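The following pair of complexes shares a single chain, subunit A, combined with subunit B in the former and subunit C in the latter.
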Partner chain A sequence: MYERYHIPMKIVEPRAPRIPEFTISRADNCINCGRCEQACIYGVHKRSESDPREMADPVNHLCKNCFRCVAECPQRALTMSNGAEYCSLGRGVWTPLRISTIWGEAETGKIPVFGAGYSGMFSGPHFDGMWTDMSEIVRPTRDGIHGREFISTSVDIGRLPLSLQFTPSGALRTELPPLLEIPIPMVLDLTRLRIKSEWMIRGIASAAKHMKTYVFADIDSLTQDMLSDYGDCIVPVIPPGKDVSTIELPNGTGMVELTVETSWKNDSKTLLSRFPEMVVSFRVKARKGIEDTVLEMLDRDIAVAHIDYDDDGEEHGASKRHASESLLAIHSKLVSVGRRDAITVMAGGGLAAAEHVPKSILCGADIVSLDKALLMALECRDCVECAASSCPVDIAAASSEWVEGRVMNMVGAWRDQLLEVLGAMGIREVRRLRGEVGRALFFDKLEEEFKAALVGGGRR
Partner chain B sequence: MTSSKDIHAAAYPAIALDPSERLRFMNCHSVTRADTCISCGMCESLCPYGVHRRVEGHAKILPPDDRKCIGPSCSVNYFFCVANCPTKSLSVGPSDNSRSLGDPRWPADVVLATWRMAETGKPMSLDDPANCGLSGGGFDELRFVLPSKKTRYDPEDISVSVDLNRRGTGEKITLPVPFYGGGMSFGSISVHTMLARLKAAKTWGTFICTGEGGYPALLVPFKDNIVLQIATGLFGVREETIQRSRIIEFKYAQGAKPGLGGHLLGDKNTPDVARMREAVPYTSLFSPFPFHSVYSVEDHKKHLDWIESVNPKAILSAKVSTPTDEDMVAVGSYYAGAHIVHLDGGYGGTGAAPEIAKKNIAMPIEYAIPKVHRFLEVEGIRDEITLIASGGIRTAMDVAKAIALGADGVVIGTSELVALGCVRCGNCESGRGCPRGIATTDPELERLNPPDWGAERLDNLYTAWRLQWCELLARLGMEDISELSGRTDLLRYRDRPAKEVGR
Partner chain C sequence: MTSSDVGRPIHGKGLPSTRELFGAKDESIRDRVSQRIVELGIPNLRVVAASGERMLYSRDQSEIPRILKTFAFRTHPDAVVQPLSVEALSAVLRHALSEGTTVVPRGAGSSPFGGSVPVMGGIVVDMSRMDAILEVDEDDKTLTVQAGARWADIDHELSKSGLRVPTCPSSKFSTVGGWIATGGLGINSYSKGHLSANVLALELVSPDGVVRRLSQADPEFAQVFGSEGQLGVVATATIAVAEIPKVGGPHLLLFDSSKEALEFAGKVLASDVEPGHVIYESESKIRLVSGALGGEHLRMLDAVVVSLECQESEERFAKLLKKLGASEQKEYVARYLWNERFFPMKVRTEGPGMLGAEVLIPTKKLGGAMDGATAACKAMGLDPMFEVHYLPDGEALMLCFFLADQGNTFAYTVDAFKSLVLTRLLIDAGARPYSIGIWNHAFSDHLDRSEREALERLKAKLDPLEIMNTGKYFALSGRWAGLGGKIFDPRIMKPVLEVIVKLPPLSFSLLGKLSGLLRERFEPRRRDRIVAIADECAMCGSCVSVCPAYQLTGDERVTARGKLITAKAMAGGFPISREHAHRIFLCMRCKACEQVCQSKLALIPAFEEFEGVLEKSFGKDAKEIERFLRFAERSPVYDALIADGLVVGAPRHEQGGELRDV
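So, the complex of A and B:
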């Protein structure tokens, strides 16, 4: 029986007080006439409960910046300003807007839908200077999430055989390498979280289990309980320095991850010979020349190259190439040797918004791994200094059910937005989005064409 | 042949001069008076704008009315209050209100300038910074290369009209202004807003598209100025509505949500709206995408033939978004028989759209116009089709830039709403809809904007825009706005690498 993949979502209220995007201040010349209360349709202005002769302080987080109260105040006593705490949230690609969008997605599980046209910058660096294509009428298309036709977001993890061979009697001769399939091109990565409690690990693992995807976790942070509860969705990550010739792996997903260090070539040989039925992933910090490292991994039959970018999605070290360029270089290199599908490319770091998922895949990743975004779903304020003891939202104390709900809401909303993009492009499965740069529009190229077009103009 | 100029020059309405206090709340600059003020009254006697006032007989001076202040640029004047205050108690700077109004595409300056034009009908000067947004690309980085010498001209000698029909079939329609109003459906905006737009359109002899929700009987008297939109939901499309419309627009896609169908969230689907759309009240209405009757350009022709058989005089427009192959789409539309190809760029307005679609799907209109214009020229069909651009066209100068890039005319939408008092807060989609009564179906909120008041503001805005175009054309030595089309040589592009553009 065909079963449609679905991520169940329900409202999961925030634990911490909301951070208002706008604040309204009421000056001393307020005469408590109550005109603001009548004007505001969001309930920002209310009379004081203890003394109905006075207006209470505005409930700023309900304010949506419509200026009705400011305009209608007969005393001109109200002033609208941008919320100071809101404006100071995050850094780099983690802008206040992106962080608060994730909070909203994690709360409701809904795609952010608002009125009025786009209000941001014309373009921007990297992913912001990239548009996805859409199909007008010509290609057979579908109805996105609202319709009947199915869009697949399933992806494979492992080395896909590039061809199949059969014996004369018709039996399969090709030896099939271990292969896994997940229904969304997103995995959850706990190893990069700055802070984690047992409840968080359990909550996120449980979310992964419900969504049938994988969670990457340090092998040492896993208890026997966790493994028995969520073992089939946990990918143990072996930290650098462990002796792989003696290591014992828990039964479970059939996948294991190591880190690329000087001895990785020997490690991989040992591991592959000891666990031939396992999908072996290697995590590598993206640096200059990452495409050659991935090529070497390919030559050593490693199934997954898990590429780590920094929190802004850039390469480590001096090169600072962004994932959009770097992934494209890796993808092109693999295509040029004719073996693109013989390795799975997984990219993590700098994924701060739903649109970064289809854009990473367009640039050549098969799968993205979500890290900091998970913390954001748990209301992380992205403080510069981070410690469990001083956490403003006391993230470590959150219950595992709450964590699970928030994470599923966020991932679910991101998947629905991926479906919107795929639907608009007329692509019916996410596998076909990978590396499809012909269906993306890049700022630099458009700009070049635009400037060329400006030169040629003249009287008609 | 008489030119359209002769027909319409007399028809431009006089500027209405009925200022509306309601939108004069915004103070761009804040003037603060410290406690050290001794109420000497020097500032009151100096300021010609009336910022500082003392009520007769009062010892203390009133708090400054900084709505009237012209800001720190006043420092060049001898009467600058801050410099002249004997106790140095006054200071002036940007106000919090203006900092939280608007966004890079619609900065506070542009919103306020649009309000000012809607109130006074007076044009902005061509070098006013409020002619552009601050989004760092596209129209905002394009400038006209103008001769420095100003010329005397009479606006009556300059034509800004545009022919919508350049083919042998259908009614000949000439707009006296190079724009018509974009599709906003009954359900997304209030009946008062629709009426205001239509009244202004009737005065100016242009059109307003009613979007995909059909329209109430109240609007039938304006049928000569209505563009009927046929969108994928087919709401409000009936034989009689097709027969009474002079322009029929097929909405294949919308720039703000290309590849997605229309969204009307349940809250705004009131019983009246639902009746018009033959739907259940308070359910969310998501139109499908695409037309399931159109999977090829041949199917598109079938669509146009359908309308031609119901209303042979109607002129047909294909509204499409801006994918990579939009030049091919435009050519296909021409050969299928469309009179107008309407390109809607990604940064266009909407009553509700997923945020991910607004920025990330399909390219901005600035890139699309020259591409399609050139392609149609190479195909040799440019002169037979009207190229209309929309999606992020905010000011009169944006309109002129779009035309210089290769369009014949434009479609506007958000600017009209801003003229009616929109502050671009982006909350049109849910609950009671627009708190300012523009994009709402709430009967109480709707009453905030009487249709006649709105129509007058739009008249004023159009007047101001027309005068701006006239000045621009006069400076460029042109008499007709059609001369401007495709004149990219008159534009200068301040280019910056992508890495420097951004938030």
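So, the complex of A and C:
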């Protein structure tokens, strides 16, 4: 029977008190007249349940900043301000808006709606300067993007043969390398999380299992129980310094990951010869010249280049090139040697919002790996000082069911947003989005062209 | 003549058109008098049926000692009605006449003399909900109001046109009708004269239900002023208004002794300064006021406040000060004290409770009278405070107060007697009583004989069956076929007081000793917070006028004053019904009462405590509270109240000032 891929979602309430974006304070001159209750359509203002003659404290997190209560209050007793704690959330690309959006996605699984009253900029650095094509968004639909037509979000992991050869009798002669397929271009990466408890690992692994994707975890953090429960979706990550000639791998996913270090070339040879049926992934820290490293990996028949950017999506070291540029360089290099499909490019780090997934793919990644966003789905507040013992939301104590629900909601919401983008572009398969830079405008490039035209510097 | 030509009302909380009241669960009417009125089905008339609600009308600003309520007077009214139109008022009076029932007119109930308190039951006509401001004529500079309009509301309405009333009583939450009936002397009387000079016309409804329109030219006109409800009920009044002066303000001077202060006031009055108003306040009063203001703004000295209203006055006053070598206090302090003219009862919080005498006295006898009264008070163990408002023609209105503890009934009763002694002393020193009511009846023989006889003749004409405020003014009646009131008869009380006044220092010190003894012996072991607050309350009724719940129910039991009186009554053993208890919960928690309270009582916490006590005995009707709140939220009356601001003229937001200033 035909079964469409679907991520089940349900409301998963937060465990910690919410951090409201707006704080409404009620001054002493409030006369409990109830006008605010009548004015607010979001239910921020209610009479107290214990004594309806008095107004209850405003339920700030429901506030949508419409100012209606403030305007209607006959006493001018209400004041709205930006939540102080909210404003101080996160850093870098992890803005308060992005963090709280992830919280909302993880709670409800719904696509966040911005726009009404949007007062932000329409461009910014890196991903924010990318405008994706939406030319097909006006196409009439009967039952919406998710029902109208099938849009595939499946992606392959591994080396695709660039050509196939057949015997005269018609049998396949080309030896096919091991190849895996996952239904969403997103994998979950536990190795970069600052805190992990057994419950978190189990919850996230369980979410990955339900969504039929993979979770990358340090081989040492895995127990036998976990492997027997979720082994078929866990990709063990071998930390640097392990002797790969003796290492034992759990069988399950058929995929393993190593870290690129000085001895990686030998390690890869050993590993590939020891486990020819395995998809071998190499994790590499993105630095200046990453495109050449990937080319070297290509030459050594490595199936997956897992490119690690920092938490802001930038290369490590002095170069500070952003993933959008860096991935494009890798993609172009692979295309220029004519072997783009001979390696899977997986990008991680700095993915702080749903639209970063299609944008990364557009810039040349095949798959993205989600890391810090997973913690955010678990209500992480991105404290500078991070320790399980002092965690304001006691993240390590969350049950695995709760973790699973939150992660699935977030990934589900992100996939739905990916579908929206693909639908608006008229693309029916996420594989075809990869490297489609022609379907996006890059604001800084446009600006350069415009400036050049102004000063008469000619066209590029 | 009817009042149909008066014009459309422009302001009023209880207009018949917006009259729909909240239907709280009611007590069945068991009293015959109330029942008969209800049967008449008079439109625009609320008949107060519940005994508990009528209880609120058995007192005015001052409390009647229990012993007098038990033995001397029947203060509990048989019926209370709230007319909302002149027609309803007429109908009630006609009914009372046909039944021969006593009618006691009542305004805001903020006079301390007992003029609106029944002494032998009867029907109390509560005029305070007939409070419409009918017309402000900016060209003719006149104002027409229903008698229940309060001075604060009038002032606010007039200020929109840059106008003000020339003179008003110190209680801004008293009604126009009430001041016409009881006094007529107050703020700015020095420059603007008696109220009768400022009221141009009024409508008086006599017991036969006829609306009589009287203007200044009519010989009966002046007699209505201070007639204490003997002639009929004042329904409307037309008052001359004036522009708010743009120049001038209050000036404050402090003196080391009352003698110097009075001398200075005399010099100001004798000069060409022509002040608007002059007030003297004794050092003891200043001490309490300063405490109430919560700071060391004032030095504890005798004070004279001179209010000036034009440029010439300011210049002449400055010249006079230079000539006398006197120096005035900072302007803000002067304004503080000048503002306090409206809150003389604030110091009641200190007693808790206050008693005293209010008399008219020639200015040249002021010094002597004050010295005598001070000496007598000291002998009786009292610390008197004086407040003198200068009047035209060499007279002054003198208030002599002392703190008394209402928590101790026995001591309080003796203190009340001392206040009679004090009045006696002041009258002996050349004063005459200002208002009669109940308390000053003992001195009613000092009223102007010819005026009194003229009033008697007019009463015979308008109220031949003597149903208006029966048993007061001319002769005080009470329980025991009227004998109860006889103790206040001048013929009885006068010799008693004379003996005491003639036998100092022995008699005074005996009274003082008696108080001390009673204070020790009957000191209440525990004071309920709510009862203590009730004793501190000035009973000025300002909270009633701003209470939205009152406007929505017409029932004074929902107001702060109503709740405090209920608490006191319960403490005194008055049985209250379940319905009465549940009325206490019908509160919007708007804090308007706290905001307007001159004594700054912590009312809301007191309500919460009181409700806790009531809930234990009577339960709580959560459904009725919810129904009430939803009723209020849908009510156009409530909408209008909120749009105006519950406490008119009060700051509406944190920065202060009106809403439109934001």
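Quick notes
Note that the second predicted complex is superposed on the first by the 421 of 460 C-alpha atoms of A that agree within 3 Å, B and C clash if a C-alpha of one lies under 4 Å from a C-alpha of the other, contacts with A are read in each partner's own complex, and residues count from 1 in each chain.
Here is the rule we go by: a contact is a pair of C-beta atoms (placed from the backbone, for glycine too) under 8 Å apart; a residue touches a chain by one contact, two chains touch by 3 or more.
Bear in mind the structure is a predicted one, so any value in this text is a computation, not a measurement.
By the touch criterion stated above, A:Glu54 is placed in contact with subunit C alone, subunit B being left untouched. By the document's definition of touching, both partners, subunit B and subunit C, reach A:Asn29.
Touch criterion met: A:Thr95 reaches subunit B, while subunit C stays clear of it. Counting the residues of subunit A touched by each of subunit B and subunit C gives the higher count for B. Of the two partner chains placed around the shared chain by superposition, neither subunit B nor subunit C is touched by A:Ser228. Of the two partner chains placed by the overlay, only subunit B lies in contact with A:Ile111; subunit C stays clear of it. When the two structures are aligned on the shared chain, A:Ile41 is found in touch with subunit B, with no touch to subunit C. In the superposition on chain A, A:Val70 makes contact with subunit B only, not with subunit C.
Subunit A uses residues 29, 76 to touch subunit B in one structure and subunit C in the other.
Within the complex formed with subunit A, the subunit B residues making contact are 22-23, 25-26, 63, 65, 95-97, 99-101, 103-106, 135-138, 140-141, 252-253, 255-256, 258-261, 263, 265, 286, 288-291, 294-297, 299-300, 320-321, 323-326, 329, 332, 346-364, 366-367, 370-371, 374, 382, 391-392, 404-406, 414, 422-432, 434-436, 439, 445, 483, 485-491, 493, 495, 498-499, 501-503. By the touch criterion stated above, subunit A contacts subunit C in their complex at residues 27, 29, 31-35, 38, 47, 51-54, 74-77. Residue ranges on subunit C touching subunit A, taken from their complex, read 587-592, 622, 625-626, 629, 632-633, 638, 642-643, 645-646, 651-654, 659, 662.
Within the complex formed with subunit B, the residues of subunit A that make contact are 22, 29, 40-42, 64-68, 70-72, 76, 79-82, 95, 101, 111-125, 128-138, 140-141, 143-144, 146-147, 354-355, 358-359, 417, 420-421, 423-426, 438-439, 441, 443-444, 446-447, 449-451, 453-460.
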